[in-house]
Every structure is written in structure tokens, then in C-alpha cells.
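Some structures to go through are shown next.
Common to both upcoming complexes is chain A, partnered first by chain B, then by chain C.
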Partner chain A sequence: MGLRKQSPKSSASEDERRLPRDLPGLITALSAADPMTRRWAARDLAARPESCPALIARIAVETETSVIEVILTSLTLIGDNTAVAGLIDCLRSENPMLRNAAIEAMKQLPDEVAPWMGQLLEDPDPDIRIFAVDVLESLRHPQVEDWLIGVIAQDDHVNVCATAVDLLGEVGSERAAPALQALKARFAEEPYIQFAADLALKRISAN
Partner chain B sequence: MKRILIIDDAATVRLYHRGILEGAGYSVTEAVNGLEALERAAEGPFDLYLVDINMPKLDGYGFLRELRAKDIPQTPAIMVSTEAADHDQQLALASGANLYLVKPSKPAQLLAHVRLLLGEGQTS
Partner chain C sequence: MTLIPQLIKDEDFRKFREFFYRKTGILFEDSKRYFVDKRLIERIEATGSEGFRDYFTMLRFQVSGTELQMLVNAMTVNETYFFREEYQFECLVNSILEEIIAHRRDKAAPIRIWSVPSSSGEEPYGIAIYLLEHWPRISELDVEIISSDIDTDILTQARRGHYSTRAIQHLPAPLLKKYFRRRGEFYQIEDSLRDVVEFTRANVTDPADMRLHRHFDVIFCRNLLIYFDDLSRKQTAESFYDALNPGGFICLGHSESMSRISALFRVRKFPETIVYQKPWEAR
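Coming up: the complex of A and B.
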């Protein structure tokens, strides 16, 4: 019995992987039907800062978690102003996975995110202000405590203040104590604020 | 003693909810994100889950969807979040939450939700 010659595979995904690896080819591959093709394109585009607008446009419609993760990694590696703006746009997404992943990505870019922080902490949407405080959680930047003190002194939204108080308990110093006391007075009817501010004050005084 | 799993990435929130629930006689276990919560749930059983939405690694929606896809869909869950929008509440219920509570929760309000889902009647 003779050996049967195997016919070559000709799936769409293999064709897509053969797309050119230059910038236009990679941007085209970002919209390929095969998630693996999109993932590889997103990975390779990390070396092409000029691809930021395409990566940002793709992440807004991408449904595959693994591709979203790679796009976010590429935006983080690029880390320029356009990339940070794209990450900030992700905070407004209705996809919680994308929002949370963008927060984690922004934490990796303290110097690049810092110029945006004042604007984020004054965003009209309290959820965006909460996410901005979440970014501060592990943003290694000398202004973090000042930003948090500003939030609990001025923000009217209880959950924005609550998120900031949680963090002040970890990173705050004696400088934060007057603002924490003032916050307790401002939200005297909120048991959580009383609890969290007392805990923060206790931790600060113990340090 | 009824067992409750608190799932929240904020340590202060976990501590606050733990105090309220233990003060009311419940046994409390904690998880810091959805992935850890799935591990705790597998070790269970729990009588109720108290679930935050926004958490790293696996958010509250993802946790509930994975939990409900397994063979323990009957355990009640309260989703607790800073987000008060209808969209978030609808998504929470669609993901498998039984009730939705907007933070910051007040002790009486939290206990009323818990007792309701545990079939323990009115809040005292």
C-alpha cells in the first residue's frame, strides 16, 4: 500500500499568520479573524510606537481576553502620551476586565501617568476618580500622598473618599491626619468612613 | 454557624465587613480576588458570597459566572460595589448575583441583605 500524500493545510488562520510583518501588515493583522494572529500582531506592534492609535482602536472592540492583555502590554511598553491616553480611555469601558487590566497597566507607568493624575482626580465621573485612586495604590510617585490628601479634603463623593482613605492608611504620614479628621467630620453619618479613617489614623500614628 | 466568603481586593473593606458579619454571629473567610475566591469556594462549602466587582486577576462578574457554571449554583451571592449605575446592577444579576448593594454599606443594610438571602427573616 502506498503512502498517501498529505494535502497542505490551507486554513484562514495560517494565511493570516503569513501577513506582512511591516507596520501596515501588522495593523491589518490586528483585525484578523484568528485571535492568535491578532495576538501576535499586537505583540509585534509594541516595537512600533506609531501603531498606538491602531492598538487603541482595536482594544475598544476586541472581545478576546488574551488579545486585550497583549494590547495592554504593548501600550505599556510603548508608554508614550498616546499610549497613556489610550489606557485612560479604557477606564471608561463597560468591560470590567478591561478597566481592571488598564489600571494595572497604568501602575507600571508612574512618570507617564503622573501628568494626567490631576485631571483624572477631577473627572466629572466618580467612577473614573475611584479608578484614578486605584492607580495610585502602587504608583511609585512622590506626589501620591499629596494627591490622596487632596481627594479626601475636596471630593464630595463618599466612595472616592473611601477609596482614598483605604490607601492613605497604607501610604499616609502624619501630614494626612488633619485631613482624615476633617473627613470624619464631613461624613459623620457614614459608618464606613468612620471605620476606615480611624483605622488609617491608627496605622499612621503607629508608624 | 453560617459561613460567608468575603471577596474584595481592599483590605479595609474586608476588615469592615468581617467585623459586621462576625459581630452578627457568622463565620467569615476572605479572598482578595476572583481567582482566590474560586479556590476558597472549591474548599467550601459557604452559605453566602459577598462579592466586590472591580478586582485584579478575576473580577466579581467573572467569579460569579465561573461559580454558577459549576455544580453549586444555589449558594446566594451579594454583589457589593461603588458603582450604582443600572447597567452594573443588571450585569451583576445577569452574572449570577442575587442582590446588589452599593458601597459604602451600612451595617444594618448589609445584615438585612444577608439575612434575607439566608432565609433568616427580618433585621432586628
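Coming up: the complex of A and C.
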């Protein structure tokens, strides 16, 4: 007993996995009964962009949070158009954990998410438009301010505008001031918009 | 200050940064430009390459990957000392190990501790010394300490176990006397410790490497994730989740927080420190 060198038995130097590690094998493993097998399959599929549809299909039925996390990480690592479309689908999920995780994942992909942003900000569902603004919260992209100005200039849903105004107070410049004034006029009866827009204007002028 | 000839153009730096990030998970900010340029130029000269483009082509397409490993060795920072953040070792012997022993399913299995990155070995050898000195149950149970690093030069150094006075400055004198021998300006760690700590090469963002590092009860990963971007941190945390046995613990550096990286782990507050635990019921 005491300190001892790693024994061959406890070493994981041998590959313990039983299913083939080719694309069909990994996709099959995504549906395995053991969550760890599913996580390893999802992790390995990050190197196979062609697996995106299978990863996205799995998310729709996956119940284990740890597996969902790994699938979202793999989709983010793949980061192509199909992966981003899959992440956007997650915004429509009833599962708040999945929605929030997808928002965090999309923030990691500014250039890939940018072409979708216009469409997201015009989605008929105001919740999706709010989630899109949430993505902008830490999306490192030069167009963020323009998108936010567009939202407060055009969106007719008070909660969407309120979310955008809050963010403009942090990232906006003098360019946003006319749109903020116009928003105040458009929602003259909404005390929160008045307060948030004034705060944003104050912060912008202080910068 | 030595002036570096402007051999690395902005565009080349960005191209290299992207490549190195994909290979290692390490992201160099613009503020690290001097550090990166200096080492790149050293490797360009050492390999007899004609310039960045020539070198970069070789780096990307070399089948053996030898030059990439040389470059990784040059780009990684290895700065540590014995008993750094000692309160975590106290937590290990006072709380963590006792909980693992009480709840684990396979009572006969060895307790496995993974120290990553190993740097030059101060942490894994320090854990070994701490267990021998402060944990009486070491005589009743088998404990395996495995330590890994992406830098193969530093692994060679760790296996050798030679330390400067700076590295051992926080060790109490009796422990220094007991576990080291003076060799001129250096201190050589006892062979009995070198024989029980296993060193392996691992890139924590590479699933193929992580697959070979599993079944751990405790992971020490201190001051590594601060070099990663958000996505690599998340990827690493998820790999650690599968590297741990159910109920296993992760100890991070004092400025790092798993709560900002992943929700998979439980936050555990012990008297000595905060650590992160894979739930016992996790599958």
C-alpha cells in the first residue's frame, strides 16, 4: 500500500471503446444507452463536419445535460453554416438550459452568426428576437451597434426594444442617440423604455 | 531590450495564431505579439527556413509533427514551485480523499490523482510528498499519481527531477532534507518519488489524448485554463468530466472558476478552499 506507479490495469492507455470510430460508428454511438459513450461520440464528431445533421438531430431528443453540452461544443467547434443553423434551432426549444447554452455557443461564432443575424432579428417570434439580442450581448462583431440601432428603430415589441436598449447603453456610441430619442417618442407611454433610453443616452454621452 | 527584425507580418501572426489555437487550444492575444514573434523567429532560424511562409508550410504539413512539438515547447510557460497554493493539498488530505474513500463504488481500486500541466514536476512530486507527510491512510491504500504536459522538453525535465533553490524555497527544511539530495547548485528529488509518479504527454484539448487519461478521482489543473479562450475551456472541462470517476474532484488555480466555464460540476466549499465535483450520480 502507498504510492505506486500507475498499473497497466488502471491505465486507460488501451482504447476502451467498443464501437467503430468511423463516421457511421460514431453516429450510431450518439444513440447508445450509456451517456458517456454518447459524449465521446459527440466529442469525436467535432472533427467531422459532415456529422452536423446527426448532432443536430440528437440534440432534439437528448435528455442528458452533459451530452447536450458536448454536442453544443462540437457544433461550435465545427462552426459551419449547418452547425449555426442547428444552434439557431435550439433557440426555439422549450428547454431553457438548451436555449441558454445555444446562445452562449453562438457568441463564440461572430463571423458565422453574422449572416443570420438580420433574419433572427426579424423573426416573427419576439422571444427569438430577444434571444438574438442576447447573442449580441457579447458577440465580438463590428456590426453589433448597427443591429441594435436597427432593432430600436423598427421593432414594435416593447420587450425586444427594452433588451436592445439595455445593451446599447453598454456598447453604443453617439451614433445611437437619434434612434434612442426616436424610441422614447415611439414608446412614450412605457416608463421602462423612458428610463432605459435616458440611461443609455447618459452613458453614451459620458463616453 | 533586443530588437526583433520585422520578419513576422501582422497577417502572418494572425494566420499562425489561428493555427496554433486549433492545435493546442492556446490563444495568444495581440499583447503577446513580442513573445510569439521572438519564439517563431528562433524556430525559423533553427530549422533553416527561409522565412515565415516556408516555416509555416513545413509546420502544417510535416507528417511527424516534430516541429510542431518543438514550437509548442518554445511557446509554453513553465513557472511553478513546490507547495504552490498549499491550502489545496490540505483540502485534499482533510476532506477530498476522505469523501472519495467513503463513497466510491470500487473499494479495492487505487486512488488516482492527475496533475496537469506537470510543468517540471513540482506539483505532482509535491502532492506525493504531502500525502506521505500528512495523510496517515496512505499506508492503507494504493495511490497513483499521473502528471501530464503538452511540452515534451518539460516532461523530460520533470522525470529528471532537478530543482533550483527557487523551486524548493517554500519547502520546510526537514522535507527538503528527507526527499532531496543536494547536487551542486541543484536539488535532486529522491528516486523513490521519481519511481512512483508517472509522466505522460497530453494536450487537454485533443480528444485522442484525453481518451488515454481516465478513471481519476482528483484532477489538479491549476493556472492552465487562464491561457485558453472560452471555447477551449469548455471543451477541456467537458473532457475532464469524462476523465473523472463519479464523485471525482477538480482543483483549479485560485483565480479560476469552473462556474464560469461549465455547469456540469458541483461547487464544493471546504474549510480550506473551493473545488469542483462531478456528481456521484453522474453517468
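What we mean here is this: the second predicted complex is superposed on the first by the 190 of 207 C-alpha atoms of A that agree within 3 Å, B and C clash if a C-alpha of one lies under 4 Å from a C-alpha of the other, contacts with A are read in each partner's own complex, and residues count from 1 in each chain.
Everything that follows uses one rule, which is that a contact is a pair of C-beta atoms (placed from the backbone, for glycine too) under 8 Å apart; a residue touches a chain by one contact, two chains touch by 3 or more.
If you're wondering where the values come from, they're calculated on a predicted model, not measured in any experiment.
Contacts of A:Thr76 after superposition on the shared chain: chain C is touched, whereas chain B is not.
Look at A:Trp40: by the touch rule set out above, it reaches chain C but stays clear of chain B. Once chain A of one complex is fitted onto chain A of the other, the partner contacts of A:Leu199 are limited to chain B, with no touch recorded for chain C. Legend: residue contacts after superposition of the two complexes on their common chain; A:Arg58 is shown touching neither chain B nor chain C.
Once chain A of one complex is fitted onto chain A of the other, the partner contacts of A:Arg129 are absent, as it touches neither chain B nor chain C. Residue contacts after overlaying the shared chain place A:Lys184 against neither chain B nor chain C.
Common to the chain B and chain C interfaces on chain A are residues 97.
Partner chain A is touched in their complex by these residues of chain C: 109-110, 112, 128, 131-132, 138-146, 193, 195-198, 207, 211-215, 230-231, 234-235, 238-239, 241-242, 262-264, 282-283. Interface residues of chain A facing chain C in the complex, by the touch rule stated above, are 1-7, 10, 12-13, 15-17, 34-36, 39-40, 43-44, 46-47, 64-66, 69-70, 73, 76-77, 97, 108. Residues of chain B that touch chain A in their complex: 10-13, 15-16, 19, 53-56, 59-62, 82-83, 87, 103-107.
The residues of chain A lying in touch with chain B in their complex are 94, 96-97, 99-100, 103-104, 126-127, 130-131, 134, 158-159, 162-163, 165-166, 169, 190-193, 195-196, 199.
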